[in-house]
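So that we are looking at the same thing, I have put the structure below in structure tokens.
Think of it as A, B and C in the order they're written, each chain with its own count starting at 1.
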Amino acid sequence: MLVLDNVDAHYGKSHVLHGVSIEVRAGEVVGLLGRNGVGKTTTLKAIMGMARRTGGRITFEGRDLQGVPPHGLAGLGIAWVPEERRIFRLLTVLENLRTGLDRPGMTPARREALLEKVYAYFPILRERRNQAGGTLSGGEQQMLAIARAMVLEPKIILLDEPTEGLMPRMVAQIQEIVHALHRDGVTILLVEQNVPLTLDAAGRVYIMEKGTVRHHASAAELRADQRVIHEYLGI
Amino acid sequence: MSALTESAPLLKTEGLTVRFGGLAAVNNVSIAVPRGEIRGIIGPNGAGKSTFFNSLTGVIRPTGGRIVFDGEDIAGLPPHVISRKAIARSYQITNILPGATVLENVRIASQSRRHNWSMLRHHRSYGDVIARARAVLADVGLGGKEDELASNLSHGEQRNLEIGIALATEPKLLCLDEPTAGMSVSETHATVDLIRRIGRDLTILIVEHDMEVVMGLAHTITVLNYGEVLAEGGPAEIQANPRVQEVYLKT
Amino acid sequence: MDQIIIQTLHGLVNGMVLAMVASGLTLIFGIMDIVNFAHGDLLMLGAFTGATVLGMTGSYWLALIVAAIVIAILGALLQVTTLRPLIGRDPLTTILATFGVSLVVQKYALWQWGPSVRQISVPVGGDFNLFYLQYPWYRIVTALLAGLIITALWLFLKYGKYGIWIRATTQDRVMAQAMGIPVPLVYTGVFAIGSAMAAASGVLFGPFAGVTQTMGFDFTLRAFIVVVVGGMGNLGGSILASIFVSLLESYAAIVVSPAQAVIVSFVVLVLTMLFRPTGLFVPTPK
């Protein structure tokens, strides 16, 4: 579904991605692991058109993403849950969701149904639906960010470090949500530093270091032999 | 490595705390860096490394504790005063002057150290400033690029120029904030060599994510987690420490 | 004493008209960081267009609506042709661009309508009796209409689907794009709304002092002062600031000439920049 083929990217002069090749097939949860600063978030930003792609190709369902304007990606079925969550702080929870609910072609019935589905996943959001996004706790904001992506009814969700800065209890909740989304048939590209969560949730895992993919294996293989993990993510 | 143990530490923090509202980004951190050491500061995301760094260099005011540099209390002093006390730092976002040549960038920094308010000094008396600048450029491997516009340098060269600019102020303590961020493997190796070279006559504090860099360069490593010191020791010790592994692998 | 009551009414009425102008300006600045020096000139074009329509049809209300629509379209065209290509460039570039537009628009108006002052006749005649004082009905109607329009804008932003798009884009353009919101269109839309409000203000203000090519300048100036005092990008703040500053000016006009009363606005501006630079009516950032 999503293919990065030998992608190079730059931030200004800084050459941050070197020949990154990643593939995500429909229905999969694919993990992207690596320490801080290795280029995981940059890879997602390259997909979203936010980092300057200077080499290689990125295709989604066969279509080259070069030249697609930034606001066109949601329409193609790509949803992004950024590392900093980026909740619209001055909008209420419901208004945050409406930014995705009010798409062309949405009937009131479908909107209602989607909203109910999202509230079922995240009951706390129903409770806080008229509260400003900025007043939510970190964990609640993460849930809102994921819910906001879900209401786009995406084909793929780019999840960037959803457990960062969250307490262990919330991490477990996020893990549950990723599982539930997977069961629902949503394709996910999961960027994380949390190894156990990633190995549990993902089928296949890519490991990055210094702007490039260094290793690629199934989660099962990595669980069985932890040496690779220690080499690239340990100290 | 120069003599480490006899003299008092060049930099010492005692119970350093930085609170933002209710959150302690740096919580009761006490470290002692001897003269001539290369000290690495590592820790997972959000461990407080940047905040710690910023409080050392005067960018952030600590809420509690002491910072003692060369025997002097410097906690809470503004950055320009701290700079005059011979602490220099490099920044994550390159701070070079793109419109000036490589030599000019370093010369300006060097001049700030050997500053004299007289406007009537003969240009020949700036010879020592320029000589110093040239020496620094040689140190950071940019000797052949004196007259290049700084904006024409590659990313790795620009980061090294940053280090040169910091060096030109003749610091006793050099603080490097992720000096190899965004560099390719070869650029990283070049910078590690550079740091090792200049580390012979200098005390260096380095915050880094690249484990190879830190393990290869640092004499001692301080590991921060949730704003507190989790462990401290030589590279081998730290690598063998199961608690540190836990924190990084979140097992 | 009568003077004070009259001046209070003047202040409130002028304040409401200014609030309409300033709302558009602060909306435009808040969402796309554009300092629109041509804003007052859009007001002027609106006034002239209104005068022309009034001359052709005799209907004031039609003039108001047509002027707003025509200038909205003009504003949108301006934004697409001169400002959209400049997105991402040095802010100074857009300031120069809007300044250039201002000059062109003023000369165009001169060419199109000639140098003589146009009149917009008052749609509602007669005076309103407050105790023993008389105050023109029209001015009160103006204030009420302005209030209505501003309320409509507020409701649109708060509850309308596109209002949410505008607010989301203002807060985080990148995330808004990631949600599929067509940000370039939103920018054009906001510019059109701002232009429409300026144009409507022009028609409302027309009967007060006649329509001339240079009438826009005073408004641009005051609108900027008010936007800064109210907090840039802060809609509620600019409305409060408009009324506040206009009232102060009106009271000052009791003691000095109206031309000199403008100094009061500048004093308020300077004080705001010195002590509360984020805006008088904005809670101090922590």
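What we mean here is this: contacts are C-beta pairs under 8 Å (C-beta built on N, C-alpha and C of every residue); 3 or more make two chains touch, one makes a residue touch a chain.
Small disclaimer: the values here were computed from a predicted structure and weren't measured.
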{"item": "Chains in simultaneous contact with chain A and chain C", "value": "none"}
{"item": "Central chain of the complex, centres being mean CA coordinates", "value": "A"}
{"item": "Furthest chain, CA centroid comparison against chain C", "value": "B"}
{"item": "Chain A-chain C separation of Cα centroids, rounded to whole Å", "value": "43"}
{"item": "Inter-chain centre distance, chain A versus chain B - centres from mean C-alpha coordinates, in Å", "value": "34"}
{"item": "Centroid spacing, where centroids are CA-atom means, of chain B and chain C in whole angstrom", "value": "52"}
{"item": "Residue numbers on chain C that touch chain A, as the complex places them", "value": "161, 164-165, 167-168, 171-172, 174-184"}
{"item": "Sites on chain B touched by chain A in the complex", "value": "42, 44-46, 154-155, 158, 178, 181-182, 184-185, 188, 209-211, 215, 238-239, 244-245, 248-251"}
{"item": "Partner chain C, residues of chain A touching it in the complex", "value": "48, 50, 69-75, 79-80, 82, 86, 88-91, 95, 98-100, 102-103, 148, 152"}
{"item": "Of all residues in chain A, those that touch chain B in their complex", "value": "11-16, 18, 35-38, 164-165, 193-197, 210-211, 229-230, 233-235"}
